[in-house]
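Quick heads-up: structures coming right below.
Consider the two complexes below, in which subunit A is the common component and subunit B and subunit C are the respective partners.
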Partner chain A sequence: MKASWWKTFLVSTLLWAGVNLAQAADPIKIGSFLTVTGPASFLGDPELKTLQMYVEEINAKGGVKGRKIELIHYDTGGDAKDAVSFVKRLIKSDKVDLLIGGTTTGDTMAVVPDVEKEGIPFISLAGAVEIIEPVKKWAFKTPHTDRMAAAKIFTDLRKRGLSKIALITGDGGFDKSGRTQILKLAPEYGMTLVADESYGNKDTDMTAQLAKIRAAGAEAIINFGLGQAPAIVTKNIKQLGITLPVYQSHGVASKTFIDLAGDAAEGIRLPAAALVVAEQLPDTDPQKPVLLAYKTKYEAKHGPVSTFGGHAYDGLLIAVAALERAGSADKTKVRDAIEQTKGLIGTAGVFNMTPEDHMGLNVDAFKLLEVHNGAWRIVE
Partner chain B sequence: MRLAGFYLFALGVALLPILFPDNYFVIVVGASAGLHVILAVGLNLLMGYAGQISLGHAAFFGMGAYASAILTTRFGWPSLLALAAGLLATGALAWLFARPILRLRGHYLAMATLGFGVIVHVILVQATQWTGGPDGLSGIPALNLLGWRVDGDEQWYGVIMAAMLLVVWLTLNLVDSQVGRALRAVHGSEFAAQMMGVDTGRAKTQVFVISALFAAFAGSLFAHQQAFVSPDSFNLTVSVELVTMVVLGGLASTFGAVCGAIALTLLQQGLVVFEDYEMLIHGALLMAVMIFMPQGLFVGLSQAARRVRHRLKRRQPLPST
Partner chain C sequence: MPELLLQFLVTGITVGSLYALVGLGFALIYNASDVVNFAQGEFVMLGAMTAIALLNAGMPLLLAAIIATSLTVLVGLLLERFAIEPAAGASVVTTIIITIGAAIFLRGVALLLWGKDFHALPPFSGEAPIRLGGATVLPQSLWVLGVTVALVLLVRVFLNRTLLGKALLACSFNRTAAQAVGINVKAMLRLAYGLSAGLGALAGILIAPITFSSYEAGVMLGLKGFSAAIVGGIGNPMGAVAGGLLLGVLEALGAGLVSSGYKDAIAFLFVLMVLFFEPTGLFGHKAAERV
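And now, the complex of A and B:
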């Protein structure tokens, strides 16, 4: 009996000492909640790997202003309810200084009420424009919005003199949000929608919807989606012998899409971040060295790079720069510093934030790409 | 003292935040456990007492949540009125579905309720103009209880715990009433119950509606507490989790359901630290409980406690005569 008391005493003393040591070093705590498992894991997985990789690098170089960074991460599995609970835990229990996370728009929007109430700087990695419009005091984001993607596609359509478009989208959050933006922007660019079809993201054949589109007299087809479905749409278009110009979204801007769609991908255009075509940029492009550095580092450790990991890289970069400028981890100061981000070159483009714009990217941050001989090519 | 256990439970619930003020695991996890208890206790009435399985219970939870969310954000209804409307709508729908669905038995009933849950989930995802689609609905105003705005985690702990205690108290009384006895008769043998003069169809419908109402009630609170709802919080996985809570805690015991709900909520929060092994340990623990405590946590633990007490008593030397 006595021995076990001694053990308890010893363990708790050690624990206490450990806690005190940790307090002495006083790291800056960054909380993150990402979708590392579940259907959206292809987004969250590279994001987490990127964060871990760069936090390690920053700490090896001595941290931020002499303070190490501690990354505390929870996996939401894509459930907004869990995202809310983990954000509460990060704020209340782990007492983090700022938040980077929210792989999906659902996860992000779910935690915004808590973030605003508690007043903690939050950089989201999700796409939809509703995250920053209307502007929320504490919420920022790094990826391009779906509205920018729609605008980029429409600009190119106008250049080619096409105006009758057919839309086909899936039933996921990314698809639905993209569809909303396309419907909203179409009149501004003088586009008329002649067909608006939808499919389930797990469907394996979309020929029925595409046959309807063929009969509708469209001049171009736009497909907004993630994962396998857009590749199937692309293949089906080829199988039906439809020769209209086809546009995909930035959601499939990866080599995987070309591999899945095969020959059918030839000639397809889509808006994407410059990361996908880093090598093809002119040497005068200020983004080129940043992109190549990230790409090389990521690919050396984890395999093919994706734009999604890039969003996490941008988020961490913005946060660290803001922490340095703020000179402390004080939440209000860091928030103000993030809002003053100017001319910061990330993987998604050049960030210039303002009190009205909590993303700070303009449409030029997107490149229009075309599949040519099984690889991406920049179209200008 | 039929309700002695209940008063003890209520005392514990009230003391926790006083003993551990401003503690995430009490305030936030506690509130989340409270909602699970309301859901599990309701489902246990249906599964444990009446012996009817439901794999679509998250649908009722979702209907309550979305009723509150849509009516307050899109139509500017006061939150209490929206809650009442949600209860009314869910109750009415449950009553309509109860008769045809509860005619089925065993696997067929499981399939029908499962289908019901999936249909509701599909509607939540597809009816974008109402529900906001897969990205959900945000900006749900705070719950307004006759002028008192429930905002902040401590206040939510209070409100959810009060609601939970109310539901548990109602259930305990219901189970001991004539309705409860009729339900247990149905569970034992539906045919025998009919012979005894129990209107089994009516008894099953009643319990189905009550259980749906509890779920919708929890849903309304959930929507206001999170200020955000999305369809994924009400999918098949959630329905299965609820069934797990009821079975894990022990069927046909209200405190069993309470136990199961709390245990599973704590488990999910506690296992997060194991990261990649989380699901593995989760599954292994559930299997272990079912193998070693087939009657559920509540019965299993109280039996274990009794055994320990017995053993301690036996160790004491017999009084010399």
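And now, the complex of A and C:
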């Protein structure tokens, strides 16, 4: 009897050790849900490509603390309902250790309740400030907020001594959230809004709205939008012979915008991440090597880089750094480690997170760019 | 204010002529087969995207436009031959669903070929706006207007003055009777698809410098063109043109005078009102049963 007790003890000890060994070699599972198809696909597509590219690179280098990373991805198609069910699946059946995703603010905000309830570290790649304000225990984000964009534009307007602004925005989530922030911040910067027009994101002509703006006596025009519509607005402004300074948002900070708008884009200003002008940064800028490395790697495989893919790069970078500092994939430890991110140089800027700030970027992370001879140029 | 109003009208007519061109394509196929071809918007997209691709490959604009239009016509004919014709005896609803499937398929192919980015075509003759009283108009808008007028006149002459056109119209009035008098209904159907595809492609090439194009640009244009065809009385080509212009002007006036947020609502309210009080459209022939 006594002998068999010993045997049981031995076997179970061995089993336990075996299980532990297996666990050490188990991959760290990162769940992602992005909008790879649908209207916001130009955001989600480079994000997914970036994640896949860097997960592969990290694994080739031996993974995180000897554990490989496994990326489990679902495409939400921009549908918040799908985002919720995919996140439930990622947490409950795929049993991921942390989440990176939520291309749009809609997708992100829809999954926050589940993320908070289950208690899983979550790094969002969406823009709106409401994701981190008020602070949610488990939710972080990497892109600049629309409030920072508004602040950057207003600072420049004040420098130029302009205060009467006309606003024209699309009907998407990004546009509306940007409009809200502009309306909220305008009094703080002494700006008066003389016109507030909107358009449908698939409209093909905005001259009617712009003719109204022309008659309203504005000193500058701000357009907050995504996709092709801001390029049409830009062309229509030129068509109507309006010569006011025009500001766009960081939503169109890509070469595509200049290509589409053509000559009409000359002189347009907008706030954008430094990635767009990586080559033009002074060599002393600590961000420059990070940006160029990402840009070169991405462009070698997938063509022109966009700031959106950069957000995914930053998210993965923050997650991996936190996993390394936490020493395990324990959810609470990883969350705490993400919150302690300090001086981490990403594509969007230098991240310094605190318990009050789950993004960790300041307004300096945005550069003010101007279109000059068909290319971006930094104005400061 | 009169200046502003003039600008709204100019805007409306430009946008309206786009809708008119797309609407015309809907009307032609409906005429020949009683089917609403929901791939019409995709013809517009294909024309624009092919022309852009050929231009980027180094072809001169005119040649690129001609080849792009011919290729789209070919796609239209293939669609008719391999998707519509095999379902010859099927009900109208089934055929419409086939066209929806074809539209999704064409969008998918375009997505694979050209990616998700928007692409632009350079304007045919410069970008310097032309002043018209207090309003301004782009040279490209004049191209759109001019070619729309020319195409509409051509289609009209074709339908009313040529034997082939009259045969096509005959199919729309009574298919069985048309067949009985020796009209090749099958050939007419092919003709209608080829013609609509060509019109769509031309529309796409004309508007690409103004609105840009992407793999899903056809969805919205198709919807607006369909509304134009309905307002004008579906099956009446000239009605579709009038409907398109009306819709465009209403949208522009709505955006300018009321609120830009309600612009689409105003246009679609108008469509609903027309269907409510004139179910056959403003210019549709009354479908009275003769006893």
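As a convention for this text, the second predicted complex is superposed on the first by the 356 of 380 C-alpha atoms of A that agree within 3 Å, B and C clash if a C-alpha of one lies under 4 Å from a C-alpha of the other, contacts with A are read in each partner's own complex, and residues count from 1 in each chain.
Everything below uses one rule, namely that a residue touches a chain if its C-beta (ideal position, glycine included) is under 8 Å from a C-beta of that chain, and two chains touch if they have at least 3 such contacts.
Everything numeric in this text was worked out from a predicted model, so none of it was measured.
**Q** Is this a clash or a fit when subunit B and subunit C both end up on subunit A?
**A** The answer is fit.
**Q** I'd like to know which partner A:326 touches here: subunit B for first, subunit C for second, both or neither.
**A** neither
**Q** Figure out whether A:205 sits in contact with subunit B (first) or subunit C (second), or with both, or with neither.
**A** A:205: touches subunit C, not subunit B.
**Q** Give one of first, second, both or neither to describe whether A:361 is in contact with subunit B, with subunit C, with both, or with none.
**A** neither
**Q** Is A:177 in contact with subunit B, with subunit C, with both, or with neither (first, second, both, neither)?
**A** After superposition on chain A, A:177 lies in contact with subunit B alone.
**Q** Output check: A:92 vs subunit B and subunit C. Expected answer is one of first, second, both, neither. What do you get?
**A** A:92 contacts subunit B only, not subunit C.
**Q** With both complexes superposed on chain A, which partner does A:80 reach: first (subunit B), second (subunit C), both or neither?
**A** After superposition on chain A, A:80 lies in contact with subunit B alone.
**Q** Compute the least Cα distance separating subunit B from subunit C in the superposition and give it as a whole number of Å.
**A** 7
**Q** Once the two structures are fitted together, what part of subunit A is touched by subunit B and by subunit C alike?
**A** On subunit A, the overlap between the subunit B and subunit C contacts is residues 171.
**Q** Going by the contact rule set out above, which residues of subunit A touch subunit B in the complex?
**A** 74-75, 78-81, 84-86, 88-89, 92-93, 104-106, 109-110, 112-113, 117, 128, 130, 171-173, 176-177, 180
**Q** If we count contacts the way the header does, which residues on subunit C are in touch with subunit A in the complex?
**A** 4, 7-8, 10-12, 14-15, 18, 116-120, 122, 127, 129, 131, 136-138, 207, 210-212, 214, 219-220, 251-253, 255-256, 260-261, 263-264
**Q** If you look only at subunit A, which of its residues touch subunit C in the complex?
**A** Spelled out, the residues of subunit A in touch with subunit C are 41-42, 45, 171, 197-200, 202-205, 207-209, 211-212, 215, 227-228, 231-232, 235, 238-241, 256, 259-260, 262-264.
**Q** Please output the residues of subunit B touching subunit A within their complex, sorted ascending.
**A** 22, 24-25, 27-29, 32, 125-126, 128, 133-136, 138, 151-153, 226-228, 230, 232-233, 269, 272, 275, 278
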